[in-house]
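Here come two complexes built around chain A, the first alongside chain B, the second alongside chain C.
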Partner chain A sequence: MAASLFIVFLASAISPLLVYFLRTRASYFLALVPLSIFVLYLHYLQRLHDGSPLLETIHWIQSFGVHLQFRLDGLALLFLLLIAGIGTLIVLYAGSYLAGHPHLGRFYAILFLFMGAMLGLVASENLIALFVFWELTSLSSYLLVGFDYRKKEARAAALQALLVTFTGGQALLVAFLILASLTDSFSFTQILEKKIQIQQNPSYIILVLLVLTGAFTKSAQTPFHFWLPGAMAAPTPVSAYLHSATMVTAGVFLLARLTPLLGGTHLWAWSLTSFGLLTMLTGSILAIGQTDLKRLLAYTTVAALGTMTMLLGLGTPLAAKAAIAFLLVHSLYKGALFMVAGAVDHETHTRDVRDLGGLIRHMPITAIASGLAALAMCGVPPVLGFISKELIYEAKLEFGQIGWFFAILGVIANALVVAVALIVGIRPFLGFPLHTPKHPHEAPFPLWFGPLILALLGLLFGIVPPLVEQTIIKPAVVAVVGDTIKVKLSLWHGFTPMLVLSFVTLLLGFCFFRMREKFRLARETLTPLRYYGPESLYSCIINHWLPSIASLQTRILQHGYLRYYVLSIIAAAALAVAAGLSRISLPGTWFTWRSFEWWEVLLCAAIFLAGFAAILTSGRITSVVLLGIIGYTISLIFALYGAPDLALTQFLVETLTLILLVLVLYRLPKAKSLSSKASRLRDALLSLAFGFAITLLVLKSLYIPHDTKLPDFFVQNSPIAQGRNVVNVILVDFRALDTLGEITVLGISAVGVWAVLSFIRKKSSSASASQKNSSPASFEQ
Partner chain B sequence: MENLLAITIGAIYAFSFYLLLRRSLVKVILGVLLFGQGVNLLIFTAAGLTPDRGAFLKEDGSLQPPYADPLPQALILTAIVIGFGVLAFTLAMMHRLHRETGTDDLDELRSDEFDDPDKPAP
Partner chain C sequence: MNSLLLQVCARITSPLQIILSLILLLRGHNEPGGGFIGGLVAAAGIILYGFAFGFHRALCLLPLPPISFIAIGLLLAAFSGIPALLAGQPYLTGLWPNLSIPTFLAGNLKPGTPLFFDLGVYFSVFGTVLLMLETSTKNENSP
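Right after this comes the complex of A and B.
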């Protein structure tokens, strides 16, 4: 698994180079990468017969328990095969679709990045790795939707998709962290063992809500469905690959992956079923009125994702089987239809279904692929789509009365989807040829090859269901349901309610197809309703709330007054210190005047008086001198209490500081009184409080017993360093690197001072030169 | 002496904080300088005072407790020197700033990008 990921990411890195040298032909070489992965995992299928997943571990961040662990079970393999298989066709397709595009290399780089992320996502065993891959798919989707970055709509759609899916990603991360804190593990297998413990924990509800947010945003479930049609701004290969067959099913994958862990409760079942049904209806109703090929397909993708979510919510083995079968069918026909839409767009330069007709004369092979895929979408026998639709109805009818309710909603939604299939997949190829911006010809080989293969596979699997039932679908269902079940697919079940429902669906769908003009009119009249939809909430947040919150917090936090920055930093620090100090108490007799020598009182008094005078005086030189008094007094204190080195250094540095201060401040004018009396008083009170807190800190720290381990170590080991002054030994031996850092700081500071001052010298010499010509003494103003 | 010094340190912090809250840049710089002094003295005092006892080994390489804790001393020594480097650089900047703008009032130097014109500075 790691090897295949490496190859895909390597392909991502070298594809721009390959495209640069080989132009469009590079696509044939690049297609070999997913093809080889596809073949590899076809082999893995045979190794899965006993049902237990294959695990593979590469240690990554060992101290946090984060590993690149891969879990190859039936579910992962189904997705791996879809990603690699459809990926192969898409790489070929894109080479022809974007032939001559100046950024084809960049396109392939992002596409392979996505492919790697998606492969890693579905095979991840470690939750953190899964999250990283999850976000990587969102990120690459962002780059691909915004591929045509000169278009404003593309950029907006890309941002919208990114923000919606990233919101879910954050929710997912929190969910994973909760899971890890409940089970002490990031490994899915180990977490699965503690299923009961998790489901009985009170945080289970939050956990489910967070996971659902993650999955629903990714899989465009209502109310997050709006980003998916917007993402159609991406080049068509991307729509066919990311936004129908693979990335959007990642949410469904996550739900399927977590069903053994979180499923089986009312909360899980009802939220998945109701949101799934809602999404199914929303998607199909919004689809029918559209006229753009890609938008028509995008909304039916929303409906299909809703159906899958609903089936996972039902939770029975039969429903899981229906979900997996439908996932496979949908990926095949939707990928094909998107590629057909791209081919039609490529050949006619329009995607408006009202302008298309009779294309079968010019594009017969594309028409065959499109027709077969549309039949699968309608669920007409003998295509695999028919079998999956029967399964869906059967799974619903297991539930008795409420099952019939679900089934009737399903019939309506499916009938709408049938109508869309006819509009997109069949209608443009029949009837009278209409005039299009470009005269159509049969699309080049890579453009019809992909959809034809996918459509034929749908037909083949329908006629010979054993090809997939035991090999692909059964292991995947086992991975979702958790125990072995019987999986048997067949075209003919006898005269059953499901058959009746399928028939009704087709009939109703054909009626809807005939009424399509009315639906379009209805859509136009109902367009103002968008104002109340979730998308307008999104744009309200992005365009109004976010900027106003941002400017509000900027005004509060970034106001530009240095003293309030200082104030908030110090107040926060002082409060933290005070909170920590409250646990230590002082003895009652901590202060008596008699315990001090007279010179000690004198030293402290000097500091007090000098400091007090320094803050009152307005003369700069005066305050510098007063500060000097404080510095020298401190130097004396050092000398008296056993720190001669400190005293000496402090004395020298104080002298240098004084000289420097006087040199610089001498030239400045006398300070004016700038602050008002009220603010002075406030500052004085704040300073007093702060000083008081610090005094408490020092006093209380004196009553904490000293740990003498470090000083003892330094004293005992100084002889090894051949020194008797322990402070010096620490500086030049034990902590020599710190001293090196200190010297570096001084060096940098010296260079900085030199740079700042020499610039002034140059500037003032040029300024004085110009002053001779113009008005003099402009500096003094 | 520790208790007296504790009060003194509190006073130094209070003075420096007051200076830091001023509008004049010069006073702010002096405040930073004083703040550094306070921190040094705080570390020194909190480690415990040992009158007339340094941290010097005898001829034979031994040293009987009590002796001064050498580690805080080493820290403070570094802090004093670095403090000087920072001050030198700050003063150079301040010099330059004054040459360019002719003022050391921080409110005048402030960018008014987010200002509410109706509200005067507090």
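Right after this comes the complex of A and C.
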């Protein structure tokens, strides 16, 4: 597993180079990567027959229990196969679809990044690793949606997708941390063993809500459904891959993965079922009025994700079976139809269904692929889509009266989906040829190859269900339900209520199809209702609330007055020290006087005098020099008490600080007394408090019995590090990483000062070219 | 600031300071000294020269602009940890080849990876101080 992830990420890194040298032909080589992974996991399928998941661990951050731990069970394998299989076709497809695009290399880099993230996500056993991959899919999806970054709407859609999915990601992280705190483990297998303990814990409700937020945002469940149609701003290969077949099903994957752990309660069942039903209806109702091919498909994806969520909520083995079968079917036909939509767009330069007709004459192969995929979407026998639809109805009808209610809602939603399938998959290819911006031809091979393969697979699995029922669907269902069950798929069940429902769905769907103009009109008249939808809430938050909160807190925290920054830093430090000291209790005799050496008195007197003089003087340079005296005196103290390195460093730093300060202060105008008496009093009091706190800290720290383990370790081990100067050995060997960080900070701050000052200088010199040389003479000769 | 006395002094002491800084750097592992102190001393040498002859001229003496010294130093320090990785040990573990090079001023020198790390510290500190110097003394009028 780790090896295949590595290969995918490697492909992401080298794909720009490959595209640079091979141009579009690179896609054939790159397609080999997911293809080989697909073949690899086909082999794994046979090893899964005994039902126990295969585990693989690579230690990552051992001290936190975070590992790259992979769990290959039926559910993971189903997703892995879908991701790698459809990924192969998409890589081929994109090479042709974006042929000659200047950023094709970048596109592949992000696409493979996404693919790797997705593969890691579905195979993760460790929850933190899962979260990392989860966020990585959101991030790469953001980059892909905003791929056409010159378009404003693409950027807005990308940001919207990112913010919505990241919100869910944060919720998910909190949920995982709660899980870990309840069970002391991030490993899914170990957490699963403590299922009862988790479900009886009072935080179970919060846990479920957080997980649902994560899954619902990712899988575009109402009320978060709005980002998915917006994400259609992405190039079509991305829509086909991310927003239909893989990424959006990550939420469903998560729900399926966690069902054995969190499922089986009323809360879980009811929230999944009701949100699923709501999403199913929202998606299908919003879909029918659209006219853009991709948006039509996007809303039906929302509906399909709702259906899957609802089925997982029902929770019976039959429902799980239906959910898994439907997931497979949906990925196949939706991927195919998206690719067809892209091919049509590529050949005619329009995606408006009202402008398309009679394309079968020009694009026969695409038409076949599209027609087969549309049949799967409608659920017409003998395609696999029919079997899954029967299963869905059967799963609903198990629940008696309420089941019938669900089934009727399902019939309405499915009928709308059927109508969309006819609009998208069949109608553009039949009828009279209409005039399009570009005269259509058959699409090049990679553009029809992908959809044709997917559509034919749907047909093949429908005619010969044993191909998938035992090998793919059963292990996945077992992973969701938790114990072994019988899985049998067949086209013909006899005359059952399900058959009637299927028939009614198709009939109703055809009626809706005939009424499509009315739906479009209705959509236009109802458009003002969007104002009350969740999307306007989103834009209100982004455009009004967020900026006003941000500007409010900036006004309070980032006021731009250096003196108040210093003030708040010192006040906070003093408070922190005081708070820390108050928690340390010491024996009554912690402070005792002892006799002084004469030079100690001398040094202290020098510090005191210099300090007072620095306060009282009005010259800037004088006060800096006086402060320098304090610094030198302190370095003398270091030297006297046997810390030569410290003394030397302090001495040098003091010197250089003095020089730099003088060089800067020299340019400032003469100091004037501007502050009021009150503010001076405030500053004096604060300084006194700070000094008092630090003094107390130093005094107390002398009397706290300190741990000698660390100094002893350093002294004993510095010969191993080939050095006698312990201070330096600590700096460059024991704590070298800290030092590396410190010099990096040092360098970056210097570069930052340099950049800011050169920027200001450039600005002021261009603004006032005539008023040059307003600063006092420099040190230059 | 055209002081003959300072100029004569700086001509002699500035190179001495650079040499001294190298001695401090090399002996740092066993005696007081090290990359940080060495870098500061070296920078102080350049600054002294700058007070005598002008900072622009002092900075022109350097083979590279200060910002490049920072980059070289950081890279040197970061890369000095790589050999340990190749040897299968944690990043930045000190490796000491069995070598000893006699130097006349700083005792026998063992070229371990921490020495290169220290050299990186030396360069980045040197570059940081001089970059600050360059920033605060750069005059709009001078080229």
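The rule is short, and it goes like this: the second predicted complex is superposed on the first by the 560 of 781 C-alpha atoms of A that agree within 3 Å, B and C clash if a C-alpha of one lies under 4 Å from a C-alpha of the other, contacts with A are read in each partner's own complex, and residues count from 1 in each chain.
Operating definition for what follows: contacts are C-beta pairs under 8 Å (C-beta built on N, C-alpha and C of every residue); 3 or more make two chains touch, one makes a residue touch a chain.
For clarity, every value in this text was computed on a predicted model and none was experimentally measured.
Peer 1: In the overlaid three-chain picture, which partner chain does A:Asp645 touch, first (chain B) or second (chain C), both, or neither?
Peer 2: A:Asp645: touches chain B and chain C.
Peer 1: Kindly classify A:Phe692 by the partners it touches after superposition: chain B alone (first), chain C alone (second), both, or neither?
Peer 2: first
Peer 1: With the two structures laid over each other on chain A, which partner does A:Gly752 touch: chain B (first), chain C (second), both, or neither?
Peer 2: first
Peer 1: Have a look at where A:Leu434 lands relative to chain B and chain C in the superposition and call it first, second, both or neither.
Peer 2: Neither partner.
Peer 1: Which of the two partners, first being chain B and second being chain C, lies in contact with A:Asp733: first, second, both, or neither?
Peer 2: Second partner only.
Peer 1: Give one of first, second, both or neither to describe whether A:Leu54 is in contact with chain B, with chain C, with both, or with none.
Peer 2: Touch partners of A:Leu54: none, neither chain B nor chain C.
Peer 1: Go through the superposed model and pick first if A:Phe714 touches only chain B, second if only chain C, both, or neither.
Peer 2: first
Peer 1: Which of the two partners, first being chain B and second being chain C, lies in contact with A:Ile659: first, second, both, or neither?
Peer 2: second
Peer 1: Among the partners chain B and chain C, which is in contact with a greater number of residues of chain A?
Peer 2: Comparing touch counts on chain A for chain B and chain C gives B.
Peer 1: Can you list the residues of chain A that touch chain B in one structure and chain C in the other?
Peer 2: Residues 644-645, 649, 653, 656, 660, 664, 723-725, 727, 729, 731, 739, 746, 749-750, 753, 757, 779, 781, which sit in both footprints.
Peer 1: Touching residues of chain B toward chain A in the complex: what are they?
Peer 2: Answer in residue numbers: 1-15, 17-24, 26-28, 30, 33-34, 37-38, 40-42, 44-58, 61, 63, 65, 67-71, 73-74, 76-78, 80-89, 91-96, 98-99, 102, 104-107, 110-114, 116, 121-122.
Peer 1: Which residues, counting only chain C, touch chain A once they are in their complex?
Peer 2: These residues of chain C touch chain A: 1-2, 28-37, 40-41, 43-44, 47, 50-51, 53-57, 67, 70-71, 73-74, 77-78, 81, 91-92, 94, 96, 110, 112, 114, 117-118, 120-121, 124-125, 127-129, 131-142.
Peer 1: Show me the residue ranges of chain A that touch chain B in the complex, using the header's touch definition.
Peer 2: That would be residues 551, 554-555, 558-563, 566-567, 570, 590-591, 595-597, 600-601, 604, 607-608, 611-612, 614-615, 620, 623-624, 627, 630-631, 634, 637-638, 640-646, 649-650, 653, 656-657, 660-661, 664-665, 667-668, 671, 674-675, 679, 683-684, 686-688, 690-699, 701-702, 706, 708, 710-711, 714-715, 718-719, 723-727, 729-731, 735, 738-739, 742, 745-746, 748-750, 752-753, 756-757, 759-760, 763-764, 779, 781 of chain A.
Peer 1: Looking at the complex, which residues from chain A come into contact with chain C?
Peer 2: Result: residues 644-645, 648-649, 652-653, 655-656, 659-660, 663-664, 721-725, 727-729, 731-733, 736-737, 739-740, 743-744, 746-747, 749-751, 753-754, 757-758, 761, 765, 772-773, 775, 778-781 of chain A touch chain C.
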